[in-house]
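Look at the two complexes coming up: subunit A is in both, with subunit B in one and subunit C in the other.
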Partner chain A sequence: MRIDKAQIPGVQFMFTVTCFIQSSSLLTAFLSEITKQDSWLAVLYRTLMVMFPDYNLIQILEEVYSPVVGKTIGISYAWFFITLTALNLSDMGSFSKLTLMKRTPDVVLIVTCMLVMAWAVKYGIRLITQYSALFVFVAFSILIASVLLVLNQINLQNFLPMFDLPAIKYVQGTHIISTIPFGELVTLLMITPNVKLTRRDTTKYLFGGFTLGWITVLVVISRDIAVLGNTLPIFTLPTLVTLRLVNLGEALSRVEILFAIMLIMLLFFKITFLYYVSVITVAQIMKTKSYRHLILTAGALITAYSFTLYPSPLHHAASAKEITPILWTFFEILMPLLTFVIAKLRKLPRGKEV
Partner chain B sequence: MVLVLIGFTLIVLIDLVPLIRKHLGHDIIAFLLLFILGLTISILEVSGVEVPSIMLLLGDVLKSLGMSY
Partner chain C sequence: MIPRRFRLLAVFLLSLLLMIFLSGCWDEHELHTLFIVTGVALDESDDPEKMDITVQIAKSQSKSSRSGDTEPQENYIILLKNKSGTMMEGLMEFNRDSSRTLMLNHNQVLLFGSSLAKQGIKDHIDLFMRDQDSRMEVLMIVVDGRGEEALAAKLSQDRISGMFISRVIRTMSSVSSYYQVRMLDFVSRLLEETTSPVVPIVTVTKKGKMEEIKITGMAVFKGDKMIDRLSNDETLGYIWAMGDVKHCNVVTSTEVGKAVFQIIKLDCKRDVKIRQDGGIGVKLSVNTTLSVGEISGFSETTSEELMPYLVKIAQEEIKRKIMNSFETARRLNADIYGFGTSVYRKYPKEWKSMKDSWDEIFSDIELNVQVKAHIPVTGQITQPLGIKEE
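So, the complex of A and B:
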């Protein structure tokens, strides 16, 4: 049974993937390394999407592991999606308070955002992803402008010395970037039935979105390292600090507002998407007739939950470096991989060409 | 506290009452699960009770197992 029957075109799906990765790339405090090897995650998700084109993640789990075990794993995924939404919401609240509205209490900012997001979720996946192309275009424009504006601050010696860190640091960096921006794409498996694409188009649009997102991550991190050098790890929002350094006379300073606009826009998109996925997951597990009656109550839960996660953005950044990659590995890498292997061994889905 | 209770009452009126009228059992259970969790956390926070962070707790468990960077 499908909860939301709306369909989205491939291009919209591609820009959704890009937007999703871009929104994480701007919070680069915990991203220290960048490798292209993460594309194997996209291969894994693409394979599951092609194998089960009519199923969302919960339905795949029920098909592969039996309804009871599948539902149990599904409940853990519901917690994972709700936690991801709450974490991003908490980030957005902290960031808005830090940069734009210092005197406004967090709770007012977060509740206001959640109400607008609830409105978007009510109209389904079609509306949520409708403006993804516009968001990507604006984000790329701001990104290019930001690189041009800090050209006079770039010091290429900041990239040196190369390969000077202990091996474990490279493993950690690769693990973080695999799980936080790229691994979170596992949420896309919840909208597979809403993206009716051929096998070739699935590959084309998923990898297209992945590549655009990957380019953003690469440019953002390279620019921040080139400008900030060894001081980069001490900031919770390095991109904001980089743009604060822009100074081209009286007229062109304080351009960090561009970063604030871009981050809030992309985070808004990501949280709305995660919120939708969380509601759809609960509705799918509970086999409800519609998901719309769960939107407000799920929003209230996510809002309250977001205040309990971390006492400060510093705790959040530290946890993202040390704990979260290990915790998320189960949901983003191990479970999809195990599901794929078991589905192949059991020759699932039965009666369909794989 | 009053604002929290008003907010949750509005959610009940908007979403739960129509579900009860339509006798949608699964929908009511799903609604109540989310609602009770949300209401409990909200009341605890508003009352000044420190709700333990599940992320920090899980972090401590992983660290004690030697699984952290």
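So, the complex of A and C:
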């Protein structure tokens, strides 16, 4: 049984992956030490996708661990996805507050965005991913423009000495990606059945999207280091500061609005996708025929959740340090890995080879 | 299935909602509710716990008062002053007692009175980095005497002294980017720990009814405290040693004549080495293209000898200036060049043990300056009048 029967082409799948990574890259200033771990994760997710091309994550879990245990784990995953959505949503609120509208209460932006997202989710995965190519294109354009605009301020000396750059550093307040930068890609496993691709194409598009995303991250970080140098670690949003420094003549300055546009656009995409995945997960667990009834309920839940998740930034920081690393690792690495191993041992999926 | 009418209505309501809420009415900035700040000056106060804050605000002008420049300067700017412990308190007080909101987005310069600069400025610049409205590209300037005088100065060239200073500095930055010290540059050097930040220093002098603001060199900081200053001459040596000079003059004078050269391009390559005895040797290779700006004298010199001779005196002069400012830096024990950072970049491992004793190592640096000048252009005439043709 499939809830959303729409099929998405491989290219859209690729751009979805790119969009996902790009939206994370905007809020971080971390360095490439984690590259290995990330590509390893992508390999793991790809393997699961290829192993069970007709199943989404919940179905895989039920298949591998028997329906009852699978469902229990599935419920925890539903909680995880909803939490991710809420976290991203509250991030969008706080960052748009920081960059664009500082006196506007974030509830306004969050609720209005949530309404549009609910609308998008209603039309299903096809519509959501259709926008990914456009968003990636706009993000790349802004990125290239921003590099050109700060070209006169780049100091290549800032890269020296090699490999002695500030260690991985996360933007204060973003906890989502704090343990495993691209672990959120685990959500892709929920749309496997919508991506009908051959084994080779799955690899091609997943890694294509991954590479594009990584190029973005590298360009963003190199640009910020080249411009800001040793001051990079003191800023909460280095990219914003970099763009603020743009000053070409008297006319071309104050282009940080570009950053805000890119941020809201990409986060919008990511949250819509996460929202969709949350709704689908719940629908899958409850085995309903249509997920549409759930959209508004889930949306209201997520909105309220995003406001009450952390009573204060202090709690936020504490949990980002102590709790999330363990929990997130469980959902993003351990569980997929365990599932893969058990599926291999039980020789699943039975008989059906693609 | 929901009837079509309802759906249309829902869409309409949703768009209305978006229109109202996404336009962000909370953050409206109307010009008539704002005071646009064009300069901020911080000075030492008689109360040691506090500082004097002066804010210069550009008034929006009415058209009718444009008749001439005879208008008193008070018509163009407003100066607000108060005394408070921190910048934030000061701003709050300004906002409380004024009819409009202060807007720091367009702040051009951040001035420090020299006595405050000598006490250290680290604690005073936090707000300018933290606040969302302010920008890291604001220029930092030290004022000889009190900063508020520079903001209150009546100038013949520009009505708003904050704008004037920032324009002067931005013009200077076309000579070399090291003239322009943005907040970012200052903070960056401060974070390097061993590098001494330098900041342009201006002096306000009376000239009849008006005042004049002149750049009189660079203030040298050790950490965040100003310790001394470089004169304009020494500043040139510093700028040249940093390289990347786009245009500038080299003035030379010998017994036989005077010559002024224009720098077309000046690059300075820096090479640091750890000496046998553990000290640091720095080699500066200056490579410059000059053009002859003005020559007088040299009547005894033949035309074949003239060019090589000019190259030689230009090279000597550049070297002399660079060595001269280096001696000053060494005397102050202030690493204004960032040699420490160069060592760190080249020898990151050895640097760890050197960092703490950098002051001693710096005063023991062996500086070797090599200047290579080319003079491809002589201007529109080849020789000065009265030179012998052989």
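Following the convention adopted for this analysis, the second predicted complex is superposed on the first by the 306 of 354 C-alpha atoms of A that agree within 3 Å, B and C clash if a C-alpha of one lies under 4 Å from a C-alpha of the other, contacts with A are read in each partner's own complex, and residues count from 1 in each chain.
Going forward, contacts are C-beta pairs under 8 Å (C-beta built on N, C-alpha and C of every residue); 3 or more make two chains touch, one makes a residue touch a chain.
Computed from a predicted structure; not experimentally measured.
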Touching A:A260, do we find subunit B (first), subunit C (second), both, or neither? neither
Check the residue A:K102 against both partner chains and state whether it touches subunit B (first), subunit C (second), both, or neither. second
Applying the document's definition of touch, where does A:V50 land relative to subunit B and subunit C: first, second, both, or neither? neither
So in the superposed three-chain picture, is A:A133 touching just subunit B, just subunit C, both, or none of them (first/second/both/neither)? neither
For A:V147, using the defined touch cut-off, is the partner it touches subunit B, subunit C, both, or neither? Pick first, second, both or neither. neither
In the overlaid three-chain picture, which partner chain does A:K287 touch, first (subunit B) or second (subunit C), both, or neither? first
Touched partner set for A:I323, first subunit B, second subunit C, both or neither: first
Check the residue A:L115 against both partner chains and state whether it touches subunit B (first), subunit C (second), both, or neither. second
Looking at subunit A, does subunit C or subunit B touch more of its residues? B
Using the touch definition up top, name the residues of subunit C that touch subunit A in the complex. 14, 17-18, 21-22, 24-27, 129, 132, 135-137, 182, 184, 187-188, 191-192, 344-346, 348
Across the complex, what residues on subunit A touch subunit C? 98, 100-105, 108-109, 111-112, 115-116, 119, 157, 160-161, 164, 228-231, 234, 241, 244-245, 247
In their shared complex, subunit B is touched by residues of subunit A numbered 83, 87, 168, 172, 175, 282-283, 285-290, 293-298, 300-301, 303-305, 307-311, 315, 319, 321-327
Contacts from subunit B onto subunit A in the complex sit at residues 7-8, 11, 14-16, 18-19, 24, 26-27, 29-31, 33-35, 37-39, 41-42, 45, 51-56, 58-59, 62-63, 67-69
